[in-house]
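One structure follows; several queries about it will come next.
Letters A, B, C and D name the chains as they come in the text, with residue numbers starting at 1 for each one.
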Amino acid sequence: MTTYDSKRVAHIHRELHDHLPSDSALRVKALESLLVEKGMLNRAAVDQWIELYTDEIGPKRGAQVVARAWSDPAYKKRLIGNATAAIDEFGFTGSATAHLRAVENTRDVHNLVVCTLCSCYPVSILGIAPSWYKANEYRARAVREPRSVLAEFGVSIGDEVEVRVWDSTAELRYMVIPERPAGTEGWDENRLAALVSRNSMIGTDRDLSPARKAPQR
Amino acid sequence: MTTYDSKRVAHIHRELHDHLPSDSALRVKALESLLVEKGMLNRAAVDQWIELYTDEIGPKRGAQVVARAWSDPAYKKRLIGNATAAIDEFGFTGSATAHLRAVENTRDVHNLVVCTLCSCYPVSILGIAPSWYKANEYRARAVREPRSVLAEFGVSIGDEVEVRVWDSTAELRYMVIPERPAGTEGWDENRLAALVSRNSMIGTDRDLSPARKAPQR
Amino acid sequence: MDGPHDLGGRQFFGPVTVDEPEEAFHSDWEARMWGIDQALSPVPGVNLDWWRHVRELIDPVDYLTRPYFDQWMQIEAALLIDSGVATIEEIVSGKAATASPDLEPPIGPEKVRAASKHVTRYDRADGPPPSFRVGANVRANAVGAPGHTRLPAYVRGRVGRIERFCGAHVFPDAHARGIDRAEPLYTVRFEAEELWPEARAADAKERRACVHLDLWESYLEPA
Amino acid sequence: MDGPHDLGGRQFFGPVTVDEPEEAFHSDWEARMWGIDQALSPVPGVNLDWWRHVRELIDPVDYLTRPYFDQWMQIEAALLIDSGVATIEEIVSGKAATASPDLEPPIGPEKVRAASKHVTRYDRADGPPPSFRVGANVRANAVGAPGHTRLPAYVRGRVGRIERFCGAHVFPDAHARGIDRAEPLYTVRFEAEELWPEARAADAKERRACVHLDLWESYLEPA
């Protein structure tokens, strides 16, 4: 049973700091060996989790959701009204998406998602969060200077556009519905989904026009 | 002329981070050589500054001030009323002591000095600040958990004693006048001064009894 | 807790690394650590908020410098030691020297797909009703909490407007101490000018911006 | 500025290193750096508050990890580059590649003793009179300042009591931009219970404590 004792755990962390090897790979290798030996871990299950999130559970899921929202106004309404139920239509509910909210970009509004306190992310539809999302720089700056951060991603936001930042402080998770770009009239969902970058669903990408070069992932 | 441009300087710091060698001694050696070559520095003056602060300007000065305050009630009154003028009677005014304030420990009050924002310290009477005074741990903790910090210095403060922390946020500098210990009746100023530890004038030492073992400096 | 994790609005961090490879995992050990965290036998009493707090308690410099999944390793190590399941010597050596714990057996590979669809809800239907109405102005507490809390420093003492009531959700400050108690949760909108002094300047570069946070009722007072 | 330097009250830093050698300097390079800082030709426009702000602008992780006098080296290096007195290549190589600047010549060893007695005053006799009286309750601003400021985060939005008026002193927020303007300065006493949530608990370990800060008038409002 864990103790919920902050001082005790802070002390354990200092002990670990003093005794663990510096190399992260060595740390993890020893932990894995120990857990297997203690009967607390099945290596094949670890392999399976990694495979699942490498091949299947990732931003392509979110892109499918966005493409349907672009194509089907009734679905978009359901997605904005109750995103958890709407992604369940695809069978995409899962880790960290029990309470999902979809926020929509428009000509006048740009949305940007961050977790300043840790690394909350809608894992079951976007997969493993990129490192920059979990890094000090993004967490510190996204809430205070979103336009400067977006500029580093190559996204320029006009003065007339309101930037809405969503700091994931509770168990709600946020996904951005980017604007459907011009020039995609009549495209089917698969073709549309190919335009939807991961970053556009976090808010660090905005213009998804088929004509643009080198989309930021 | 300096620019007062924060963003520019932050950028320069990142450049320095990327280009300077990791070893501090190498960094300082290169800086010294460059300044001498540019005619901005006299090495013998550097030697002289170091010598002065190694041999002469240090906590022994503060100890003399405290010993006189213990011996001469009129001096103590002047020290508490205007510490800058009172240390000037010894010729001790100088770096960082243009605005000095002396705060007195009593049976009911213990004073502790810190600078949470940088490393402000009454240099001309206490010399170079100890490393712990400038370290993250002391700066973070002294204002929030002074009794725990004092315990690490071996100083136990009873519940009946009020702890007054002084955070040096302006150009005022603070020195603590510790309590004169019992058993020192009739001692002259030199003998008294030998009891006064540096830490007692910062507030991380309290009991200066001649009988105690291993005073904390 | 006023810890190193509370990064929102801290100034002069450098540029964001935008040119990251697209792969989910950037090295084998990161993938292993992530997978271990999904697959290991649960340590009794550990929940998401206590797990987060254990991360927050990592030495502040380590928190800011050690790689992300390296911190996950340290969280799990600390939880194992805290619970008496492993010793620090075992963690360092990777070799068991004490008896195996009597825990729920670990998940096998055949159950991973089903587990990936598992959803943990944090709303509680029987939680208390909301005291604030949508559109009301609220001020976030000026003082934080000594332990785990989800009220970031950058909104403390600031006034925002209730944008939405989200239902009663498990209160993290209590949950991190093992208590499952719900409180009304709100999405609150704060204007940039309320949060950041430089946004008040006439020539502010960051114009027309706001930040939304999801905040529990006891973090808020009427304003 | 909400930077890494604003350390007061940040939790779970480790123990203080109390067993430090008594010598003033613990290594030769530290002594050299300290001496260089005393002895070098002043760079025009640099004052104490801007110098402090230049330290605050060091990369946050470097600020928390690089040795103290190493940071002094980086401050001086940044000021030399900022002023056009040296290039980064010169700083790294230690060899001059550009012309010597037209600055005040450096101090010689014969003048060091006199210089050590030099006092820089920050009070201004012609500054404005105080608006708050001793004993008055005041609340510190909830919002900080975008640049250099000496109002620590841990008192923002909190109520204290004016303990003493210290005269009008040079205002650091302006001084760090090169402006010598004075404002009334006060010593303000804050009770521990006002600052720290855990100090409010009935069984608080840290009892009967207060913190005094010296704060300028524009940091304060009546409470």
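As a working rule, a residue touches a chain if its C-beta (ideal position, glycine included) is under 8 Å from a C-beta of that chain, and two chains touch if they have at least 3 such contacts.
Only a predicted model underlies this, so the values are computations on that prediction, with no experimental measurement involved.
**Q** Pick out whichever of the two, A-C or B-C, is joined by more C-beta pairs in contact.
**A** A-C
**Q** Using each chain's Cα centroid, which is most distant from the centroid of chain C?
**A** Following the centroid criterion, the farthest chain would be B.
**Q** So the centre of each chain is just the mean of its C-alpha atoms; given that, what is the distance between chain B and chain C in Å?
**A** 40
**Q** Express in whole angstrom the distance between the two chain centres, defined as the mean CA positions of chain A and chain B.
**A** Each chain reduced to its C-alpha mean, chain A and chain B end up 49 Å apart.
**Q** Taking each chain's centre as the mean of its CA atoms, how far is chain C from chain D in angstrom?
**A** So the centre of chain C lies 33 Å away from the centre of chain D.
**Q** Give, as an integer number of Å, the spacing between the C-alpha centres of chain C and chain A.
**A** 14
**Q** Of all the residues in chain A, which ones touch at least 2 other chains?
**A** 6, 10, 14, 136
**Q** Chain D: which residues touch two or more other chains?
**A** Touching at least two other chains: 1, 9-14, 57, 59-61, 64, 154, 195-196.
**Q** Of all possible chain pairs, which ones touch?
**A** A-C, A-D, B-C, B-D, C-D
**Q** In the complex of these two chains, what residues of chain A are touching chain C?
**A** Residue positions touching the partner: 1-6, 8-10, 12-17, 19-21, 24-25, 27-35, 37-42, 44-50, 52-54, 57-58, 91, 93-95, 97-99, 114, 116-119, 124, 127-128, 130-132, 134-141, 143-149, 152-154, 159-172, 198, 204, 216-217.
**Q** Taking the complex as given, what residues does chain B use to touch chain C?
**A** Chain B reaches chain C through residues 6, 10, 14, 136.
**Q** If we count contacts the way the header does, which residues on chain C are in touch with chain B in the complex?
**A** My answer: residues 12, 14, 60-61.
**Q** Touching residues of chain D toward chain B in the complex: what are they?
**A** Per the stated touch rule, the residues are 1, 5-11, 13-18, 20, 22-29, 31-36, 38-41, 43-46, 48, 50, 52-55, 57-59, 62, 64, 66-70, 73-74, 76-79, 81-83, 85-86, 88, 90-96, 100-101, 103, 105-109, 111-113, 116-123, 147, 150-152, 154, 166, 169-170, 172, 176-178, 185, 187, 195-196, 205-216.
**Q** Report the residues of chain C in contact with chain D in the complex, numbered from low to high.
**A** 1-4, 9-14, 56-57, 59-61, 64-65, 142-146, 153-154, 156-158, 195-198, 201
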